[in-house]
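Okay, so subunit A shows up in both of these, paired with subunit B first and subunit C after.
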Partner chain A sequence: MPRTVLSLFPLRDGKRRIMTIHPALALLAKDFRGEWRTRYAVNTLLMFIVVTLSVVVFALAGETLTSGVQAGLLWVVLFFSAMNGMSRSFLSEEERGTTLTLRLLADPSAIYLGKLLFNLVLALLLNVFIVLLFLVFLEGFLIRQPGLFLAVILGGGAGVAAATTVIAAMIARAGSKGPLFPVLSFPVLLPLLMSGISATKIAMEETEWTLALPELGVLASYIAVVVAASFFLFDFVWKD
Partner chain B sequence: MRIVASNLSRTFGRMEVFRGVSFAAGKGMVLGITGRNGSGKTTLLKIAAGLLGPTTGTISWSVGSTALEPRHVYRHIGFAAPYLALYDDMTVEENLRFFAAMRGLRLEWNRIASFLDSVGLTAGREDPLRAFSSGMKQRVRLLFALLHDPPALLLDEPGTNLDEEGLDIVRGIVRSRRSIGPVLIATNDHADIELCDGVIRLSD
Partner chain C sequence: MWWKTLLFTWIAVFSAMALVVPVAGTFDAVRARGCGGAPYPVRATIPDPRAGVHVGNGIAVPAVDRNGNRAMLVFPAQPDGLADGRTYVVRVWADSASRLFHVASVVSIDPLWTFPYIAGLGERARIIFFHVPTAWLSVIAFLVSLWYGVSYLRRRRGEDDALSAASAGLGLLFCLLATATGSLWAKFNWGSFWNWDPRETSIFVLLLVYGAYFALRSAVEDAGKRAVLSAVYGILAFVSVPFFIFIVPRVLPGLHPGSADDTGSGPILGGGGIDMGMRVVMYALLVGFTGLFSWMLRLADRVHRLEAERGHD
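Up next, the complex of A and B:
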């Protein structure tokens, strides 16, 4: 038996470098397969979005809001939806006890990248879905500059995913669940929320789109800074 | 691969688990780690795997003349332990494919079948791992450790939950891997200790 085992392992290649993207994509595929089977995050998010939007629509009772209030409402729903779904990425590994297994399989940066990609896809799908529901059900919700609006929503989703991924890792490694996640995320996401709301308001009004340039700059810088800082920080978060 | 440890100690808070542990292990050596429950066998094995740092003392890893950084040691070791969690919602094939993909390897079905045969896992290949017995999961953990053909093997209580056939497989693996690189086994099983060329006894 031992000889059989030995002869089956011609895979050793100590000099071959494994790029970060390969294990990251493998982790992404595994997480999507798991989500497809359980639909845990998707179902939780859908329920949250439907309930929140129903409450907003009933509360307004046909009343038309200013674009500033509509933009604020949209970002409230985007923020709390992210709080419901994004923490699952690392928490599920911690609950299953597979953190040690992952540590034995890949570099921390590959793990972070895989989880970031999962949260990124989830956040972008989530944001697009919420916007579609707002367009259908919220009276007077008009987008006058679709290109700018799309850039803000996608950029906002990317920023939320970038920040919440590393926070989710900290929360999971600390053995804490739900409540701490939004508490820690809110101050980190505040600059993103302020710029996002401001740029969304501009995209909903008939004003010059260039007015949103400073806000777009903040969004882009925020994503770059948070992703770069997270790659450095994640090593310390991930090890015991 | 060679692992050299000098005067290691490890504390958790105020509790000192062990101190003054030194060893060197290289190709052709099976090193046993024994001791009572709580004496630090698992902690020492995790330090040897680069998963934990020692509180004091030094540990170094090298492949040929190249020294390894602790964060890269995982690439060069195979690690199996009963507390190593697998993905219970995935089948054994999906688990192995995932582990291989994470290490940048691609596994064909016939190779997976051969791997499974080598540890005596012939049934339940289509079932999620949650349907597996503890002993069957332990055999999957052995494959987790061997999948990438590592130059060093670290086994923590490898015989846990295994039947006689499983124990024979573990001992066969230990004997055969000795010629490839060091094998470290944390165990109190006398049959496992008999395989060892040297033993570290951790006292309370």
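Up next, the complex of A and C:
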């Protein structure tokens, strides 16, 4: 594997510590640093989630909801905030004009892995945050099987990140057509959404967790298939 | 030229059969259904017309249906040419008091072929001849589009991309036709235009995929970039499509034949399988419409080549 030299963090005396790390990790570190400087994605996403959730809460104040409706609402918020967050990974490179540099610096598989890891971290954080807000603000939002619920929410986040990273790259190549992102992602994400919603519903009811085994199986195999497919497809999207 | 003549003759002949061949049931079914409702089509042979007796102002003759059940058919008047052993498709009303079947109308005399009357479907069973081929083609067109997309990524030839897009366009057309025919039919047979049966969900997903594919194509102006991105999207979408088309409708209970809770009642799919006569016409139309699809794809390819010669993209 090609390795890259990266100065991670400047030391106090102004010199930089030189490290060799895998280019995917270098890209991940770069994205985190960029995000840390502006906090643009985090701030926008947090506000987006708060806004969406307040709409839900305003509309449903005082209503008692079945676990099916609650699971559906949770996934609506999960899906649309993921659509907001994931699309930025390659668009930001286009905006800064750094796509060509990246193309020169590392091979496509490393770029894909780095972006996938960043999206993975972002999606997991997003999902955890959304669930916390749901727990606080939505009355009657009870999780009866926390282990299963956590597995589904984290697995769902991983699946969303896996499926949408290559689509984000396609959007960036298509001339930064942001609104196209959810349109392209939704049909690809549907198996994940359907099994995610039904597993979430099971986790919120007092039933056997083994009932959700087929859904967890779909989730796991979906992630494997999507990552494998996009790993090979990314080459075509990335290269000219 | 000869294959085009053959193709269109084939489609015309089998479409005509699909529409014209009468649907006819048996006396058992009429008895099981009881009186009332619309007259019920029955296929019956009259072995001996001279055995007829006058009943009121009609004539009752003994008749035998395809299962060997006997019953008395009451014609309003002596039908013309009641010769020995003639077969009739007649619409009858059951008469509970006299256990006679009153003939409302004669549909066909000595039919070459009849389709079975399926309880709850009747004439509406004919949807299978057109709805199944369109649904089949909407998936086949997707696979063909995928195939040409992959070969574009391998060889980078503009024709492959044009064929991929043309196939997706035809697929969208057939997908819309399958949705429209199925939805109209569902209103009359299942009570509403849309029921979110697993098969309906699958065709909805396919429509979404086609829609997204063309949204992507219209978003990119550069031809090479458009070709690459749409080919990649076709492959990526294929991750989710088989799940909906081939797996979910078979493992979940639903309204369509072949669902998990389909107990094989009636001669459509399942248990005894589809009736032989219907099966022949359905498969013939499946082949015919697939031929039609490949002809339309060839036309699209020729249009692309001619436009390329003239200098358009």
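As a convention for this text, the second predicted complex is superposed on the first by the 219 of 240 C-alpha atoms of A that agree within 3 Å, B and C clash if a C-alpha of one lies under 4 Å from a C-alpha of the other, contacts with A are read in each partner's own complex, and residues count from 1 in each chain.
In the analysis below, a residue touches a chain if its C-beta (ideal position, glycine included) is under 8 Å from a C-beta of that chain, and two chains touch if they have at least 3 such contacts.
These numbers were taken from a predicted model, which means no experiment stands behind them.
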Mind telling me which of the two, subunit B or subunit C, contacts the most residues of subunit A? B
Under the stated touch criterion, which partner chain does A:91 make contact with: subunit B (first), subunit C (second), both, or neither? neither
Classify the contacts of A:158 with the two partner chains as first (subunit B alone), second (subunit C alone), both, or neither. neither
Which partner does A:133 reach: the first (subunit B), the second (subunit C), both, or neither? neither
Thinking of the overlay built on chain A, is A:104 touched by subunit B (first), by subunit C (second), by both, or by neither? first
Could you look at A:28 and tell me whether it touches subunit B, subunit C, both or neither (first, second, both, neither)? neither
Note which residues of subunit A are touching subunit C in the complex, please. 163, 166-167, 170, 173-175, 177, 180, 183-184, 186-191, 218, 222, 225-226, 229-230, 233, 236-237
Residues of subunit C touching subunit A in their complex? 153, 205, 208-209, 211-212, 215-216, 219-221, 225, 228-229, 231-233, 235-237, 239-241, 243-244
Touching residues (chain side subunit A, partner subunit B) in the complex: 1-6, 8-12, 14, 16, 18-19, 22-23, 25-27, 29-30, 33-34, 37-38, 96-98, 100-108, 110, 235, 239-240
Taking the complex as given, what residues does subunit B use to touch subunit A? 49, 51-52, 63, 71-72, 74-77, 79, 83-90, 94, 98-99, 101-105, 111, 114-115, 117-119, 144, 146-151, 168-169, 172-173, 175-177, 180
